[in-house]
Amino acid sequence: MKLWQKKVRLDPRIEAFTVGDDPELDQNLVAYDCIASIAHAKTLKKAGILSAAELARLTAELKKILDLHKKGKFRITRDQEDCHTAIEQHLTRRLGDLGKKIHTARSRNDQVLAAMRLYMLDRLNAIGKEADAFMQALAGLKKRRGRVRYPGYTHTRKAMVSSVALWCDAFIESMRENIRLLALTRTWIDQSPLGTGAGYGIPLIELDRELTAREAGFSRVQKSPVFVQNSRGKFESLAAHLCVQIMMDLNRAASDLILFSLPALGYFELPESLCTGSSIMPQKKNPDVLELVRAKFHETAACGFQIQSTTAGLISGYHRDLQLTKKPVMQCLDITARSLGIMSLVIRRLRVNEARCKADLTEEVFAAEKAYALVQKGVPFREAYRRIAEQLRSS
Amino acid sequence: MKLWQKKVRLDPRIEAFTVGDDPELDQNLVAYDCIASIAHAKTLKKAGILSAAELARLTAELKKILDLHKKGKFRITRDQEDCHTAIEQHLTRRLGDLGKKIHTARSRNDQVLAAMRLYMLDRLNAIGKEADAFMQALAGLKKRRGRVRYPGYTHTRKAMVSSVALWCDAFIESMRENIRLLALTRTWIDQSPLGTGAGYGIPLIELDRELTAREAGFSRVQKSPVFVQNSRGKFESLAAHLCVQIMMDLNRAASDLILFSLPALGYFELPESLCTGSSIMPQKKNPDVLELVRAKFHETAACGFQIQSTTAGLISGYHRDLQLTKKPVMQCLDITARSLGIMSLVIRRLRVNEARCKADLTEEVFAAEKAYALVQKGVPFREAYRRIAEQLRSS
Amino acid sequence: MKLWQKKVRLDPRIEAFTVGDDPELDQNLVAYDCIASIAHAKTLKKAGILSAAELARLTAELKKILDLHKKGKFRITRDQEDCHTAIEQHLTRRLGDLGKKIHTARSRNDQVLAAMRLYMLDRLNAIGKEADAFMQALAGLKKRRGRVRYPGYTHTRKAMVSSVALWCDAFIESMRENIRLLALTRTWIDQSPLGTGAGYGIPLIELDRELTAREAGFSRVQKSPVFVQNSRGKFESLAAHLCVQIMMDLNRAASDLILFSLPALGYFELPESLCTGSSIMPQKKNPDVLELVRAKFHETAACGFQIQSTTAGLISGYHRDLQLTKKPVMQCLDITARSLGIMSLVIRRLRVNEARCKADLTEEVFAAEKAYALVQKGVPFREAYRRIAEQLRSS
Amino acid sequence: MKLWQKKVRLDPRIEAFTVGDDPELDQNLVAYDCIASIAHAKTLKKAGILSAAELARLTAELKKILDLHKKGKFRITRDQEDCHTAIEQHLTRRLGDLGKKIHTARSRNDQVLAAMRLYMLDRLNAIGKEADAFMQALAGLKKRRGRVRYPGYTHTRKAMVSSVALWCDAFIESMRENIRLLALTRTWIDQSPLGTGAGYGIPLIELDRELTAREAGFSRVQKSPVFVQNSRGKFESLAAHLCVQIMMDLNRAASDLILFSLPALGYFELPESLCTGSSIMPQKKNPDVLELVRAKFHETAACGFQIQSTTAGLISGYHRDLQLTKKPVMQCLDITARSLGIMSLVIRRLRVNEARCKADLTEEVFAAEKAYALVQKGVPFREAYRRIAEQLRSS
């Protein structure tokens, strides 16, 4: 039984196709939908739709669902389609006519947005924490081994002297910029869509949208109901872009470590507890974990790409197309948090082989330095550059 | 216990991260891995590695796995990581030392490719069948209602007279081109990777690669072992592009039906059994199914994009990155087959409202025709065009 | 003659391929490179590399280049490869040995970043102004015609009452969020890369990086030299994402206007001065301008996609690959500013057909409202919903 | 003056925006439009619209345009918008009323498709030739140095013995598959759109479409006029995907060469005539050309992505959006042909350092081989694998 059930039965193939994997994905949303529903119920009470007693009973029952969910005992059947229907039906089963009142002055369109946003905000917090841990791991590595110098590369060729400290700082600073973007992403998402109905407001009933926002835990109210709907996909795109930015850094860090732990260079080493082996070559110590982090950048980018493309060419207002933004945004938020966690572990365990680093600081790495020494003696830079180039060629 | 298990224990977080969702995805590959393993065993027998009796025992046991799998009783544990390990361990548990022989002259690198390709070929066949059914549904609609004329559009504006037959033909012809591409995609994929090991061939042991290919059901042998590995991601990209091409057509057909069933136009109608409703607006009959087909084009495109990006910047040879092409290729092959099935259903049930079609064939739709009538009287086309434009403006 | 010219002559085909379209693209960077060079010269003076007189002569000559450039008379030859070489050669031609000093303590790697960032900041300002104008155009439309009510849509189906004011507000509010993102994008980009050389700092010479930053017009110094290089592509990705977010809104606004100006609906009308015609159908008034804005979303997205993919799999430090991020970032910043300008024009000229809007507010658009009227009489919402649905079906 | 010029003047800002860079891009199409126009004129003669004398005069004048174009003297003004208008206006200026007849029974919609397809077929031929040359370059390298053995890699780690021959074969075989796809792409594109007008056929006038196809050089007629329009973007997507497949291979080959010419490995060497230098580090020999080839994969992918996304959500029939597919398809066809040419040059000049290759074939590269030697003595493979792993660990 669906919220919009009518007399003509939906063809079962259409039902299967449209329900898709919402029942599974919506397990992530149950708690947030309950929280938003409690906030909505409080607002309905203020609007005179619910009595104080009714509010109390609804709230109590919603908290029971929260509890069931925590224990892994709240189920969403395929027939129910999504968590919103499952929760409303649970309420109606327990509370009769009172359960039928909760959907007053609400549409699934604003309801799903509320749950998705609370979910995303939580995931963004998790990413923020993992990002902090990653920066701490880098700070630890810098403290431990920062002074070790090794060749810095341009064009995948040795260029000038770099150091473990320089490497750590690069990723710490970059993560700080990412965290600024994370804060902005939160600002976008942290607005309450509740009270805007299907996208054109709620007629006749006066809702205190500020109250709902506060109770649900949002910092502000998103005013325009048309914008509320249009921001589906838009906000998710920003969240996905944040993930892309973080994963871009991890892709680069992983690429560095894969190359610099190449036995022919050996600046860094991964302990065997982080490496996998081969089914055919007994000698192999493979950096699979780094390769997967590297590849997950592309998975994240694909999620972002899907989200932002899906909205293209759609007119204002809700479309079922937007439902398909749910999975990729969940996926990329999850990938990002987990990849950060894994890379923190890698950084904490990373070994720096000082001897190999030092041995590879060969003469040509100091060429620019030598040119500058000439500059300091008054030779114009282009002149100095030519002299050193000449000298290296003839050596 | 993994195929490459060593003394140092892999950190459990790394293990969880690297195993990913392979145990679930690999349920799709069990049967194909058994088929390829039987073919490989026959080749090992010919190479003198297995006796006739050993081959018989291995084959029998592999068929038992096939049987268990069909009944949904073959499990892949997270500890086993993938179907290849699960199958080898099953064999070793049942057959002792003999089970340990199956991996001779084979790497997981060629093994997973064999299973993936057999899987893809099967899914491509399924898509081919669904594409046929879709063309038949269109042919049926053409036969039923092809003569109904309605306004054809350019720039989302009425342009000239079109007809249901013209519409059906467009998608039938396009699907025929897609089927050419499907055949080519099959030609690429239908080559045996078996016998190339980890990507550099099998030393010392003489394998009859033609025999393996034939027994596994491949049409030809893929010769270069380096190319075998490099084609991971490459072949999947082509399969994904085929899906993109088909979904591009379905996106367009769905877009047409969404617009042309807009009540203000009403050329087409979806029966209520294919429509969903709204949780807040009792009057709504929504074409969710068409919207989802439309949106699944973007999901498919995202899969293709992920696959082709993942290979970027990698040197020749296997990388764990490539493992992440498994899920998106499975996903887009599945989406495409199912979307074709759903659209066949829609086309079969589609109603054409002849009266509305006719009523909307208003005067201006015939403007080009009128200009051509003047042309036939000897007026140069540009002249005729200007006169009719003038006439319409003043009417 | 290139900055890095050596004795062995580069193959001319390689030269043509590597130079690419830099000479044309770099016309956009000449002014910014001069500004950054003046700032760098001041810093060299403070570092004791240049005398006050030398600084004065270099600055005067760089200002002359600025002047030449404004008049369209500064040329970059293919032989020079890019604006950096063209400027240095100009200086050397005019100032002899003094010209050869300007590149001291600088690499093209930090130099190109400085010019690109100053360029991007200027373009972001332009986008900010166009975004303001767009919001003003919308505010004007709202003031003029905001009270006109017309059907709001969900699923491309009439849903509930909307209004011109609601429509305008949606895009104004969304643009406000975009402007927050623009501010953050500026914060990322507005850091001076100068003084970090090729990506590993400048040995021996003490540079006052704060001074350079201030003189070049940057708000802060980007500290880590490795991060400076790694942020190439990363910062551009954020700028591209900002463009994607803005173009996503314009795509949606254009989609609305294309549909709502469909003669069968006729809520909005584009004046003929904004429409193009057909070469074959004299009657056509086509919304090409809106279709192009809609399509330019995809061009923008493709730019963003290219930028972010290009960095994938690269190790830290400069790679020539990054050169290819220049064109797409210029392209999407340009598209966005121009599309905003065009849409402002469209909004200012847009006509609202009140009669058609009103006529299409048919009974079913008020269904939710009717259900709420029952709710206010005490009927639980689900009950009310069913009754109205029943009533509509039987009418 | 445009083909569709009307009384109300188009706003100049709209004009500038909609014309875009068509005048420049269309320089690529002039010749093809003339060829298609001659074919169309012949068909008009057969249809009785043109006399033999008129046909002769039109043909002669179109050939003059071809001639002017070859000499770089045929200009398309911004006012003319595109090559189609420029050519028609040239004819009218020279031939008066006769020039006004050429557009009879034709729309710019089928006209631009004809020109684009002839253009694409020519570019595909060019790519085919470059692909052949690339394979020959590889065959040459194989002949020259194929027997040199060096370590093959998996996971960017030495794995087993590979050889220059294996490497060359991988790219030759892959290119052969690409050429199959090229042939299919030609089959799709090599159909005549002429005679289908704006997308709904030509009323009243009987056109011999087979004649037009033959005269224009197409192998077959594309029947459904609606499909003709719908194939815009679809066919371009396939062409772009072909380019992606080829560039994917070149990306990989370039990645191999960048790594394997790393001085620490030194298997391959690029001669200095193919390398560029650094503006700050006198010692650098940088593989810019390989980095650009690597990066151009992403540019190609972005083109493909733009083309395929642009069509999303559009209903059947022409939309101005499709105009924006012109540039990216031209771009990626051009990139691919040129990148193949450059890589052929690189391969022909590539040096193999046999001594370094040999020196790096260290003991562990033979581990799998040793395990197989045990297998041949009757040890089950898993057993052999464990023993060799043990042995390597303790050595």
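A, B, C and D are the chain letters, set down in written order, and residue numbers restart from 1 in every chain.
As a working rule, a contact is a pair of C-beta atoms (placed from the backbone, for glycine too) under 8 Å apart; a residue touches a chain by one contact, two chains touch by 3 or more.
The shown structure was predicted, so the numbers you read here are calculated from the model rather than taken from an experiment.
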Result of counting contacting C-beta pairs for B-D and C-D, higher pair: B-D
Most remote chain, CA-based centroid, reference being chain B: C
Repeated interface matching A-D, over half of the contact pairs identical, chosen among A-C, B-C or A-B: B-C
Separation of chain C from chain D, taking each centre as the mean of its C-alpha atoms, in whole Å: 28
Inter-chain centre distance, chain B versus chain D - centres from mean C-alpha coordinates, in Å: 24
Shared-contact residues (touching 2 or more other chains) in chain A: 6, 103, 109, 154-156, 159-160, 197-198, 259, 277-278, 280-281, 284, 286, 288, 291, 294, 298, 301, 305, 309, 312-314, 319-320, 368, 389
Chain B to chain C touching residues, read off their complex: 154-160, 258-259, 262-265, 277-278, 280-288, 291, 305, 309, 312-314, 360, 364, 367-368, 371, 385-386, 388-389, 392
Partner chain D, residues of chain B touching it in the complex: 6-7, 49, 92, 97-98, 100-105, 109, 152-156, 159-162, 166-167, 169-174, 177, 180-181, 184, 187-188, 197-205, 222-227, 229-231, 233-234, 237-238, 241, 244-245, 248-249, 251-252, 255-256, 259-260, 294, 297-298, 301, 305, 308-309, 311-320, 368-369, 372-373, 375-376, 380-383, 389, 393
Chain A to chain B touching residues, read off their complex: 2-6, 8-11, 13-14, 17-18, 20, 84, 103, 106-109, 197-198, 272-281, 284, 286, 288-289, 291-292, 294-296, 298-299, 301-303, 305-306, 309-310, 312, 319-324, 328, 338, 341-342, 345
